[in-house]
Amino acid sequence: MSEITQKTYMLNMGPQHPAMHGVVRLILELRGETIVDAEAEIGYLHRAFEKHAENETWNNVVPWTDRLNYVSPLINNVGYAMAVEKLAGIEVPERGQYIRVIACEISRITDHLTCIGASSMELGAFTVFLYMIKAREYLYQLVDHLTGARITTAFTRVGGVKGDLPPDFAEKFHAIAKEVRTAVAESGALLTRNRIFMDRMEGTGVISKEDAIAYGITGPFLRSTGVPYDVRRAHPYGIYGKLDFEIPVGTTGDNYDRYLCRMAEIEQSLRLVEQCLEQIPAGKHSLEPKEIKYAYEIQDAGKHGDTALLAKYAAKVDQTLAGMSKDDQPNTRVLDRKITLPAKETTYGNIEGLMNHFELVMWSWGVRIPPSETYFAVEGGNGELGFDIVSDGGDGPYRVRCRPPCLFPMAALKKLLVGGQIADIIPTFGSVNMIAGELDR
Amino acid sequence: MPLENDTVPAGVMTTQLDAALGWARKYSIFQYPFVTACCGMEYMSTAASHYDMDRFGAGFPRFSPRQADVLMVVGTISHKIAPVLRRIYDQMAEPKWVVAFGVCTCTGGFYNNYSTVQGIDTIIPVDLYIPGCPPRPETVIQGLTLLQEKIEKTKGQFR
Amino acid sequence: MSDPLRGERREAPASSNHDELSKLKAEGYNMLVDMTAVDYLPQGKKPRFDVIYRLMKLDAATGSDMGRIELHCAVDELPVLKSVKDLYPNADWLEREVWDMFGVKFTDRPGIKRLLMYEEFSGHALRKDYPIAKRQPLIGPKSGDKAGSPSFNILHPTITGE
């Protein structure tokens, strides 16, 4: 009988997946069902974020950062804004910092909900997907109420946030937190002790502590191996030092631990927002009660030259300009003429305000940051999201580098997949939570 | 007598058949979601229980181009993935429609750079443009109803 | 020194990047957090690129950051940098990205592949002299006709470079 030779089979899990993960190509070498070698090819969503950031002004880069990790856009906004403020030495008022933390944690919840929902759907648990997306929908409506947009919010500015919390934010949040907790509890009941789920997730995609550190992996991935590294704890930024939260840590570094870490982190993020809403310093306040006039009336009076009495009026502006009145600004933005747009009453009411507004908005004028270089990291949904910003004193950044936290688990994919079977790719890839916007920038 | 007066007015059987086919096709859309970027999040929201595409008949994504009839291109298309998109479009069987979901697929969005296709209609013919960055689910549903009207009116000839 | 996220800033000549990094790894810097480059062409600096390695000492038991350091290597177009992927495995992809975006070559990686752009792309995108809107599409009608018109040529690779 002739020799039976064994050859390996090359399988291409092409750039277009049925799974909702986005565009990544996996080239697998298989022997039967076992994976002998794996290689990932990325770059299918390269949208030149870093190049665009060089061609925009400091505040204009914020919408581009939204689209980096698009499941937790507010974290990217905050990370970039804080990096620029570190460069310029700007200190944001306390209420503005609390609002940023609230926005970050809500974004983190949506990130984990989407990750768990999408990866459970791929394992066949379609119900969990619907529950998670329902919870996420409530959060999107809350974000819409806060910022004006559901996903791509562009909420932060250099020196603060766009606007103050709406008056009924706290009640809305508490109602939604109950819904989110219910959805997470129901999904947990369906998945956590489920035989099929545990069989597929336990023992697959295992990575050791040393390997994870060697590959530069951070975030829930690293925490599932047992290393309790969280940028919010290691380098507290904003007001995280005043808040109390736990860091869920796994033991074995497999997919099941990552799932449990993420579920626990949702609960921690909800706790963080609740603490923020208790501790947040007072919001809109008036030293004396102001009469409200429509903005065009203030404008007309200003143009006429009747500016003497304008100081006692508060402008009622269009809702897209909400957050720009004198009441909103003292607490949410740093009140530096060279950085923050003036309040609408000033812009419409006197010529200095108008000129200030124009100078901040015109190209080649605007916000200026002294020439230097810095690195700042926040805890993103996937790990340490770092921004390395170089300024040359111009009206925009000279170079913005975004350190994508999900690039490193993708680089380690070979270690995660080799030796396993094809069916293990799905839960592993789902728990990597690869977001192509961040991976390819 | 001239022949035209004798014959049945212009193809009443074929117009009835077209109407029936149009009605059947528009309420059973098998979409192929070519999801790349942030618009995918709004696509998930539209497909999930709150906004529910399923009540329009469009709820069942077919993950093979051979079995799908509407190619929904969701999210930015870069030049690296453009040949893949073209191949998938070619693999779909007639009748097929293409939806450009999100402004990146309509015109390139604000990504006017070296790696983004400035509108997928430079590569494949598009039937419906849904602008927005990302479009709200209500916009998507309005687009779907417009697509349904278009599908209904498509007669026997296909590209 | 006072900045915990950046740590100490060190400079090293580009030809000894591997030695410096192995020394740092021996000192306990076990994670390569990031590696990137900055192009200083408009400022006229020679050498043109500044390659930055960011390292961190992570204590695996307590998860605390024991110290960070950043190493700057100024390099030109000539390949003098040695690859450090034997020290830190994630440097493989990070170096591919630096090659792809800046064109910084590594002496012991002759067959280095691009990471983010397609192989047929000519040029290095993040260099300051690469215009942002210069496209080199892989497919598409050369004349700019809309798809569906009779002259549209399917899957005809065009590298127009305009």
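Just so it is clear, A, B and C label the chains in written order, and each chain counts residues from 1 on its own.
FYI, a residue touches a chain if its C-beta (ideal position, glycine included) is under 8 Å from a C-beta of that chain, and two chains touch if they have at least 3 such contacts.
Nothing here was measured: the structure is a model prediction, and the numbers come from that model.
A.B. asks: Return the chain whose centre of C-alpha atoms lies at maximal distance from the corresponding centre of chain A.
C.D. replies: Most remote chain from chain A, centroid-wise, comes out as B.
A.B. asks: Between A-B and B-C, flag the pair that has more C-beta pairs in contact.
C.D. replies: If we tally the C-beta pairs in contact for A-B and B-C, the bigger total goes to A-B.
A.B. asks: Please tell me the distance, in whole Å, between the geometric centres of chain A and chain C computed from their C-alpha atoms.
C.D. replies: 24
A.B. asks: Roughly how far is chain A from chain B, going centre to centre by Cα mean, in whole Å?
C.D. replies: From the centre of chain A to the centre of chain B is 31 Å.
A.B. asks: Averaging only over C-alpha atoms, locate the centres of chain B and chain C and give their separation in whole Å.
C.D. replies: 39
A.B. asks: Among the residues of chain A, pick out those that touch two or more other chains and give their numbers.
C.D. replies: 43, 46, 48, 51-52
A.B. asks: Can you list every residue of chain B that touches 2 or more other chains, as numbers and ranges?
C.D. replies: Expected reply: 80, 113-115.
A.B. asks: In chain C, what residues contact two or more other chains?
C.D. replies: Within chain C, the residues that touch at least two other chains are 117-118, 125, 132.
A.B. asks: Enumerate the contact residues on chain A facing chain C in the complex.
C.D. replies: So the residues of chain A in touch with chain C come to 42-43, 46, 48, 50-52, 55, 209-210, 213-216, 223, 226-230, 233-235, 247, 249, 374-377, 384, 386, 388, 390, 392, 398-399, 401, 403, 407-408, 410-412, 440-441.
A.B. asks: Can you check the complex and tell me which residues of chain C touch chain B?
C.D. replies: 117-118, 125, 130-141, 144, 146-148, 154-155
A.B. asks: For the complex, give me every residue of chain B touching chain C.
C.D. replies: Touch residues, chain B against chain C: 79-80, 82-83, 86-87, 90, 112-115, 117-118, 121-125, 159.
A.B. asks: What residues of chain A sit close enough to touch chain B in their complex?
C.D. replies: Against chain B, the touching part of chain A is residues 14-16, 18, 20, 22-23, 43-48, 51-52, 63, 66-67, 70-71, 114, 118, 129-130, 133-134, 136-137, 140, 150-152, 436-437.
A.B. asks: Across the complex, what residues on chain C touch chain A?
C.D. replies: Its residues touching chain A are 3-6, 30-34, 36, 38-39, 43, 52, 54, 58, 60-65, 70, 88-90, 92-93, 101, 114-118, 125-126, 132.
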